[in-house]
Each structure stands twice: as C-alpha cells, then as structure tokens.
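Presented sequentially are two complexes of chain A, the first with chain B as partner and the second with chain C.
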Partner chain A sequence: MRMNDRTENLLLALPGLALLAMAFFLPIGQMLVLSVSGASGLTLEHFSRFLSDPFYLNILWRTVRLSLIITVICVVLGFPYAYIMARVSPRLRMWMVVAVILPLMTSVVVRTFGWMVLLSRNGLISQWARDLGWAERNFQIMHSEAAIVIGMVQVLLPFMALSILGVITRIDTRLEEASRTMGASFMGTLRTVVLPLSMPGIVAGSLLVFTLSASSFITPSLMGGARIQVLAGLVYKSVTQTLEWPFAAAQAVILFVGVLLVLIPYVRVSTPRHG
Partner chain B sequence: MKTRFDLTLLAAATLSLLASAASAQDKTLTINSFGGAYETAHRKCIITPFEKETGASTKVVTAYSADAFAQVRAQKAAPQFDVIHFSGGQEIVAASEGLLSPIDASKVPNLANVYPVAKANIAKGEGPVYSIAAIGLVYNSQNLPKAPTSWKDLMDPKLSNKLVLTDISNGYGMLGFLMINRVAGGDLRNIQPGLDAVKKMLAGGAIVVNTSPEIQREFAQNGATIAPYASDYAFTLTKANLPVKFSQGVEGTPASFITANLVANRPNQALALKFIDMSLSESAQTCFANELRYTPTNSKAVLTPDVASTVAYGQAAMKDLFRFDAPTIEANRASWVERWSKTIAR
Partner chain C sequence: MVKAVPPWLRVASTLLVALTVLFLLAPLVVVIGVSFSESEFIAFPPKGFSLRWYEGVLTSNTYLASALASLQIAVLVTITATLVGGAAAVALHRGKLPFSRTLAIVFLSPLVLPTIIFAIGMLMFWSRVFGPVSILTLWLSHTVVALPYVIRTTLAVLAESDPFLEEAARTMGAGRLQRLWFVVVPQCVPGLGAGAFFAFNISFDEAVLSLFLRKPDLTTLPVQIYGQLEFSPDPSVAAVSAIMIFLTVLMMVVIDRILGLQRFARS
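And then the complex of A and B:
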C-alpha cells in the first residue's frame, strides 16, 4: 500500500524538523525559562533591571538604530551592484561575485586589522583628516559608531547583493526594453520597472542583513571598542565574564523581541504586493 | 554569522570530546590553556615534557579563565576537563561550588618546594599556584625617559592622552583598576574613587581596550606611552621590538595567581595530579619565567640574572606582591563591571 502524500511529506521533513527542534526550539525554550528564573522561583526582575535603566535602553536603541543604518546602506550599495552583476557577461559576473564575498572568506581579525590601518589614530585616513585641518589631534574613526557601520556593511553587503542578484536575473529584460522604447530614461526604468520587481530580493536581503547585524558582536566590539557597546556584546559579556546567565537570557529575549518588532511590520508592508 | 559558526564548532568540539572520552579515557588528559604565546610556552614547558614522561596525550582547549570557568560550571553534571587553569581567582568560587577536587599533597611531591602562599587552600580544592603575573606600569621608555615609579603617575593629566586602560572584564584590567582605585582613596568596599579617577583620565583622552593585543596595537601604532598591566605582557611588547619597560609602583604590586586545578568527578585524576605536579616542577617554572617572565612559585627554581631582573623573584620579592581578596572580587564582579561599563560608556 502506498503512503499518502501527507505522510510522505512529513517523513521527508522529519530530519529537518528534528534538527530544528534540537538546535533551535530547545535552546530558545531554555533561554526563555532562564530569563524568568530567579533565586526564589519565577521573576521578571531581569527584565525590569534592563527596561528601567537608561544605560541598557540606550544600548538597545543603538543596536536597532545601527542595524537599520547598516541595512539601508547595504540596500543603497547592493542594489546597483546586483543590477550591474546581473547585466554583465557571466565571466565578469563571476569576478564581481568573488569580489563581494571576499570579505566573508577573510578572518574577522585580518579584516578588522585592515580597517585599523586605515581608521585608527595614526592610520591613513585619520592622518589625512588632520593634515587637511578637518580634525583635532586625537581624531580617529576607529572606536566610533561609524566604524561599526563600516565594518558591518563590508561583511553583510554580500548577503544583500546576492539576494537581489537572484531576483534581478529572473526579471525579463524585455520589460526594460519595453520601458525604454516607451520613452522612459534609464534611471526612470530602473526606478519604475527594475526596483519594484526586485523588491522580494531587497526584502529578503534586508531581513538577513538586519538580523545578522543585530546579533553580531565580534566586529562591533573590535571596531567600536570597549566604550561603545551593542546588545549582543552585552549578552556575551554577561554570559562569559560576569556569569549572570538569567540576565543574559533576558537581554537575549529583549533583543529577539526587538528584532521581531522591527521585522514583522516590515515584512507585512513589503511582501503582499509582490507576492 | 560568527556566532552561529562558533556554536557549530562548540557542538562539534563537545561531540569529539565525548567520543574521545569514551575511547581513550585513561591516557588522554583534557586541559585548557590561554592561547597565543602563553599556550606555546605552556606546551614547551609543561605539556610536551608531560606527554613524553607519561606517554599520555593531552587535549588542549583554548579558553581564558572566565570562559573556562563558565564551561566547567555548565559541565558540572558531565565534566569534560581534567585540569583547568585559572588566572582570575575563579578557583575560589569553583572550589566552593564543588567543581574542583581537594588535592592530596602526598600525591604531588613538588608541592613541598612551593611557597606557602601558593598552596594555601589546596585542601579546599583550590589548586596550587604555578606562576604569578605581577601588575605594574608598562611604559614606552623612549617617550618617557624617566621611569614612572608610582601608580599616581597614571593620573598625571599630561599623560592621559597617551594612557591605555584595559576593560575590567579582563582579569589584569580588573587588578589594574582596583589598584588605581586604592591609590585614589577607595577600597574593595568602595570603588567610586577609582571610577571618578578613570572618568578624568577618559576626559583627558585615555583609551579603553578590551584585550591585550589591542594594547600592543596602541603602543605600536598609536603612540601609547603608559598602561597599567602585567609584567609578562611588557615582555611580549619587548619581543615585538617596542621600547617598552615594566616598573612596579611604590604603592604595591597586585598580582594575578595562575592556578592548576583538579576537576572533580573525572575518571583519571591520578594522571591529572601528575600533570599538576609537573606544572610545579623547578624545570617547568624556570622555563615559564624564561619564556614569558612569570614569577615562579617553586622556591627551588633558579633564574639567570637577566631574567631575574625583569620578574619579581625570590623570597623577598614575593613579599612585595599582594593579592586583592579574590572572593570579594568574585562577589562584586558583576556589579563592578556594570558600574565600570556605565562609567566608560559613550
């Protein structure tokens, strides 16, 4: 006797589901439990400690704000790059793909060291800025929010560019030709034809970039330094250095909820129109 | 990205640990070391001689003290380490939580030659101290021809701009800060004077770093002149061809005791005790002092004059070193780190 389709599907999905349950739902569940556990049973003290302290709220706001900025910059840089990649010869496209994912293949230390050479106090860019009289003696871009944005955009741009590339290559070029023959300028065509049709790619890329930048802590801690913290870095510190695991779990839950609060409306607004 | 990758690695590492524990339990020892030059010296001075002598193999996991402690605590039900090394006083908490086994001195013959201060609480489970890092003033001798002699020199406004502080989530950073706090008029019950002093230093242009390699970067590339940090790291900077020297402040020299601890509920404690014994041997300790400029705790360790001149060495020098009360630090670490973070936050 043949199994019906549903059983078959379920069996096929089972390994994936089991892995997801073990590697995702179980730890998330544990984290939720940990975040409300106190010395004497259930408590919300870890959440109220975070939410009632401007220090922590500022760090939450910085995390969300920087992630948004990083996402916007990735869209602005990634869309034209992906468009050009989609329209050049396959050979050149391969090189462009290699160029954009190259930062991912380098270790975070090497990558950051490169930025230090350019951005630190005695680095090239800081020196130029001083020589031109734009900056004071102590000026450096390293250890600032700008440095975090620069470092993160470099790592996350491939996620955006490749997500958009996948969508643009499927857009029929005759649509663009039609638009041009109807009198639209090149930029006009991009804006009214290509951009709307690439929205699924932009949305997917933004989701990836936003969540990855909200949850990363190594690049922000190296580029931003000890004095500019992001939430994921705080969680890491609470787990490994001050050993306040329940507080760390509460911070992680807050980060998780914060990301969801930004993402859900974004997906709602941007997907239905384009399916 | 990185986080997820790390988690996979961690899972893989745990699995392989479990697998190896099952197959070669009696002849494999799992320990932690601190990475980089420390781990290289650790292998040369202790691990390789140990493997040669016993025929055992050693699995070295790179984990700093706080990280290592977090792992040992998380693995309480099924410990994965045999010997765990701490530099930040974590052994006190670990012993009180029953994560470590008391050490029977008769099974560790080299303990007989170790200074009493370095083996005070082995019966409680706090492992013996096998080397000591002294915290003082690391300075660039070209920019600062006259050696700093006092911790108060760090508060000189003319130096703020060239001063590198280390975040107190780092063990040495904590000790340096507590010393600044003491000199500024505070004590372990009150760190506000220290925080106020740090605030002034930051306003004057001082930099805060998270890790030791960043100190090297500041000295090498960004014209840093002075940093409260450890003697061994001064030597690391010297080896990198930087004109760096180490000076002990007259107010005292806080020290970081590096301990080798016996993890509880592991099957091969006899082998682990052998490892700890070798860590305390004269040859291992002389080797460590030669390689990294740590202070030996074995009173029989003999250093050449040029090495001896750069570390705290011998009975008399041992008296200049003091240790901030580690249980107090542990009890307050979380709240101090939080207050420190708020003080330095931009």
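And then the complex of A and C:
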C-alpha cells in the first residue's frame, strides 16, 4: 500500500484526536448545551437565576477579587525569585528549581493539608501571632480569605516563577551590562531593561495563575470553610450536593466566560506593540 | 565595577530567596513532620517520634483500596498517554499535516482550559451517553489531562533531533514503519520517558476530575485524603500524604535523570 507523508502523520495524530473529541470536546459541548436547557426547550433561566441573586453575585465578586490578589502576589514574589534563579550559579539554580518543582508536583490536597495544620487555631503561625500579642485568644487564620490567599499563592507561585524564568533565561545579559556601563544603577537596569523584556513571561504567568485560581475549589473550600465560598466551590456543590446540573453547567459557563473577559483586555494591554 | 550589586541588595535577595523557599516547602515539611508524630492529634511541631501512623495506613483497608485504585488508573493513564501523545508529537513535529497549527492548539488545549469545566462536562456527557461513571471514565479523562505533557516533553526532544536521519533512512530504502521504529522512536525515548513519569504523577495526584467523577467504590487516594480533611483528620492522613510526597521526590529524581529538570523548567 502506498501512502503519502500527510496520511502517515494524520494516522499518527488520529488516536489523540479521537480521544480529545470523545473525552474533551464533546463533554464541554454537552455542558454548554445543558446550561441552556430547561423543562421546555432552550432557556436562559439558569443564567438569570445566578445573575439576579446578590448571594451568587457576591461569590462571583469574591472569586474575581481573590484571584486578582493572588495573581499580583505571585508576580511580586515570582519575578525576583525567577530573576535571581536565572542569574545564580548552576548549582544553586538547581536547588531553586527543585524548591519550585517539588511543590508543583505534589498533590494540591496534600499541600493544602500542610497549610491547614499551620494556620489552624493550634497551628504554629496562629500561635506566634497570639504570643506576640498581635491577635486575641481565639484567633486563627483558617476559615478566612487570607487563608485562601496564602494557600493559593503557594499552589500557584511555581507556575508564575517558571513562566517568568523561561523568558528571563533568554534575555541577553550583555544588555544589562550595557545599561550598567552607561551609568544606570542596578535597580534602574532591572526596571528599564529586565522588567520590560520579562513582560511576556509575566503576562503568560499571570494568565495561567488567574485562570487556575478562579477555577480551583479544593484549596479555597478547605481553607475558607463553609461560609466563605468561591464560584468553583459553588459549582462543585451544585453538582454533587444539590444535584442541579443545568444550574451547575450555567455557573461553569459563567466562570469560563468571566475568566475570558478578564484575560482578553489584559492580553491586549500588555502585549508590546513593537518587536 | 559595572556589574556590582549593592551589598544591601545582596542581603535582601538572599533573604527573599530563603523566605520564598521556606514558604514553598513549608506545607510539605509540616505534613512529613506530623506523619511521624506520636500523639493522637495533629500537631506541628510533632510530639515524639513514631511510625504508628504509617503502620495504621499500611494495614487500613480503606487506604489500601484507594491506593490500589489510584495506582491502577495511573498505570493505565501512563501507558495510553505515552503511546497516544508520543504519536501525536511525532506528527506535530513533522508538521506535514492538514491544519497543523490548529491541531497543535487543539492538542495543548487541555493545559489551558480549567479542569473543573472539563470535569463537569465529562460527568454530564458520560452519564447521559454511557450511564454511570466507571474506572474507564477516570482513565480517559486523566489521559486527556496528561496528554499535553507527554506531547511537550516529546516535542522538546524532537526539536533537538537531526532531521536528516530520517531522510537518510528513506534514501537507504527504509519503509515507513521501519523509519518510525528504528529512527524516530529511539530519538523520542527520553521525551517519552519523562512524559510517562509526568503522566503517572499527574494521574496519581489528580483530585478535581476524581472528585467530580467519584463514586463510593471508586475513590482515589487524593479523594480519600480530601474526604478526611473535610471531616476529621488524624495523623494517618499525614502519613498517606507523606507517602505521596516521597513518591513525588522519587519521580523528580527519575525525571531529572532522564531529561534534566533544568531543561523542563526552561521549556
């Protein structure tokens, strides 16, 4: 049998395409359909139910707000870490990479458990805060928005550090030397040379961190407790506890569209217009 | 001294790195610490030293059953994701495909789409078309999530391969299958190997899909831990979690040997 290169490559890609069609694209399509289906045909009732109830809108707002805070903290911690990681000796870099990848490859459930121990009423950190007189007797960080932010930043920081690192290692160090020779201070060089050139990595990392943070529910629901809900946690609850699938599908669509709405202008604004 | 960094900045950056590393590793250290504790209650720093919680885990039917389920799924996922992803990577690398750019985006899209959206769709689609979820549902959906990682590691290795080797084999009269098996596959091996370990690690640690697609007789290890954390965690959860951390360390060492972590970090 004769076949050409195209056919051979298509045959190689076919199992993957079939798998994605069956177990990725069709399921997403099913979810979209379900989100607009009611007792009598097409309907937008699930969307209007969500968007007209202050309870749900509050949860949506909290999700967006926390995701933004988490993204900003990840940039602030991730950029210097990535820059230092790119400029230290290979040996030290290896250990800094390990410190990022080991948590990244550990199950989210396990990492959240560690924070639950540290931030609970009897945990080390709550205890320190009380001993130092910063907090009252019953103080604990668990079950607060701060707890969610701490847990999520630890979960997502590796993504940020790695995407910034990917860009910084490609920056020509001679540019920095030139800037220093011309009289710029170290911080000045960092601000006017390294930071602008790292922008693609910062943007990519922020997109990833924002999306992941808006759509995660395991860490938020364990750290925040039952009172402080986020959108993804609500979706999980609607699917597994109240069993309102079309409503859950609508929430998932809102989550997805919300993520896109924030991301599109962000990409527009931060993409460099030249070069 | 053009390259000089002000001393205060040196101190500040050392401090910053140390604190960030501490922050990143703290939860893991805490979990491992608690797992060796002697006391009935979860406390850090741990009180005393004992292996009783490990003993408890290794003799508990619930934990062993979920460990077995996790292992079974992870092995299935590793095999399918490596085969299917490797083949797709070869096709994408050669680039002679209809719509090859679109296809590349399609294959990497599970990386970008939040897992929860795909998980809820999978649950709805599966229960409508095939009936109740089963181990097959988890197998397929974990494979979808692992696929992009295998494709990326394999593509990374192929990018450094010599394109003329296949050309040479063709000129010497090797058939398509011979070229694939004797020329392309050997070049892919490091990428496939690293991808396989990623796939295993992803499936073994995955919790979102497993929570949405769970049923009473199909509980993976992360789901089991999540359930315990929601209600009444005791140090045995820490022992299971610590075992998972040790497994991750093992995986990392292996991936480093095959592909080099530095390279993974940069790609």
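Everything below uses one rule, namely that the second predicted complex is superposed on the first by the 246 of 275 C-alpha atoms of A that agree within 3 Å, B and C clash if a C-alpha of one lies under 4 Å from a C-alpha of the other, contacts with A are read in each partner's own complex, and residues count from 1 in each chain.
The working rule: a contact is a pair of C-beta atoms (placed from the backbone, for glycine too) under 8 Å apart; a residue touches a chain by one contact, two chains touch by 3 or more.
Only a predicted model underlies this, so the values are computations on that prediction, with no experimental measurement involved.
Colleague: Quick check on the chain A-based superposition: chain B and chain C, clash or fit?
Modeller: Clash - chain B and chain C, as placed by superposing on chain A, overlap.
Colleague: A:N138 in the overlay: touching chain B, chain C, both, or neither? Say first, second, both or neither.
Modeller: Only chain B; A:N138 stays clear of chain C.
Colleague: With the two structures laid over each other on chain A, which partner does A:F79 touch: chain B (first), chain C (second), both, or neither?
Modeller: Touch status of A:F79: no partner.
Colleague: Quick check on the superposed pair: does A:F50 touch chain B, chain C, both, or neither? Answer first, second, both or neither.
Modeller: In the superposition, A:F50 contacts neither chain B nor chain C.
Colleague: Going by the contact rule set out at the top, does A:I228 touch chain B (first), chain C (second), both, or neither?
Modeller: first
Colleague: Does chain B (first) or chain C (second) touch A:R121, or do both, or does neither?
Modeller: After superposing on A, A:R121 lies in contact with chain B but is clear of chain C.
Colleague: Who contacts more of chain A, chain B or chain C?
Modeller: Of chain B and chain C, C contacts more residues of chain A.
Colleague: Examine A:Q241 and indicate which partner it touches, taking first as chain B and second as chain C; both and neither are also allowed.
Modeller: First partner only.
Colleague: Check whether A:S216 is in contact with chain B, with chain C, with both or with neither, and answer first, second, both or neither.
Modeller: both
Colleague: Taking the stated contact definition, name every residue in chain A that is touched by chain B in one complex and by chain C in the other, in rising order.
Modeller: On chain A, the residues that contact chain B in one structure and chain C in the other are 108, 116, 122-123, 212, 215-218, 232, 239-240.
Colleague: Using the touch definition up top, name the residues of chain A that touch chain B in the complex.
Modeller: Touch residues, chain A against chain B: 55, 58-59, 104, 108, 116, 120-123, 138, 140, 143, 155, 212, 215-219, 221, 225-229, 232, 237, 239-244.
Colleague: Please give the residue numbers of chain C that touch chain A in the complex, ascending.
Modeller: 2-6, 9, 13, 16-17, 20-21, 23-31, 34, 42-45, 80, 83-85, 87-88, 90-92, 94, 96-98, 103, 106-107, 109-110, 112-118, 120-126, 128, 140-141, 143-144, 147, 151, 176, 201, 204-208, 211-212, 222, 225-226, 229-230, 233, 237-238, 241, 244-245, 248-249, 251-252, 261-262, 264-267
Colleague: Quick check on the complex: what are the chain A residues that touch chain C?
Modeller: 3, 5-6, 8-10, 12-13, 15-17, 19-20, 22-24, 26-31, 34, 77, 80-81, 84, 90, 93-94, 96-103, 105-118, 122-124, 154, 157-158, 162, 165-166, 169, 177, 180-181, 186-187, 211-212, 214-218, 222, 232, 235-236, 239-240, 245, 248-249, 252, 255-256, 259
Colleague: In their shared complex, at which residues does chain B touch chain A?
Modeller: Against chain A, chain B makes touches at 1-3, 66-67, 69-70, 73, 161, 167, 169, 202, 205, 207-210, 217, 221-223, 333-334, 337-338, 341-342, 344-346.
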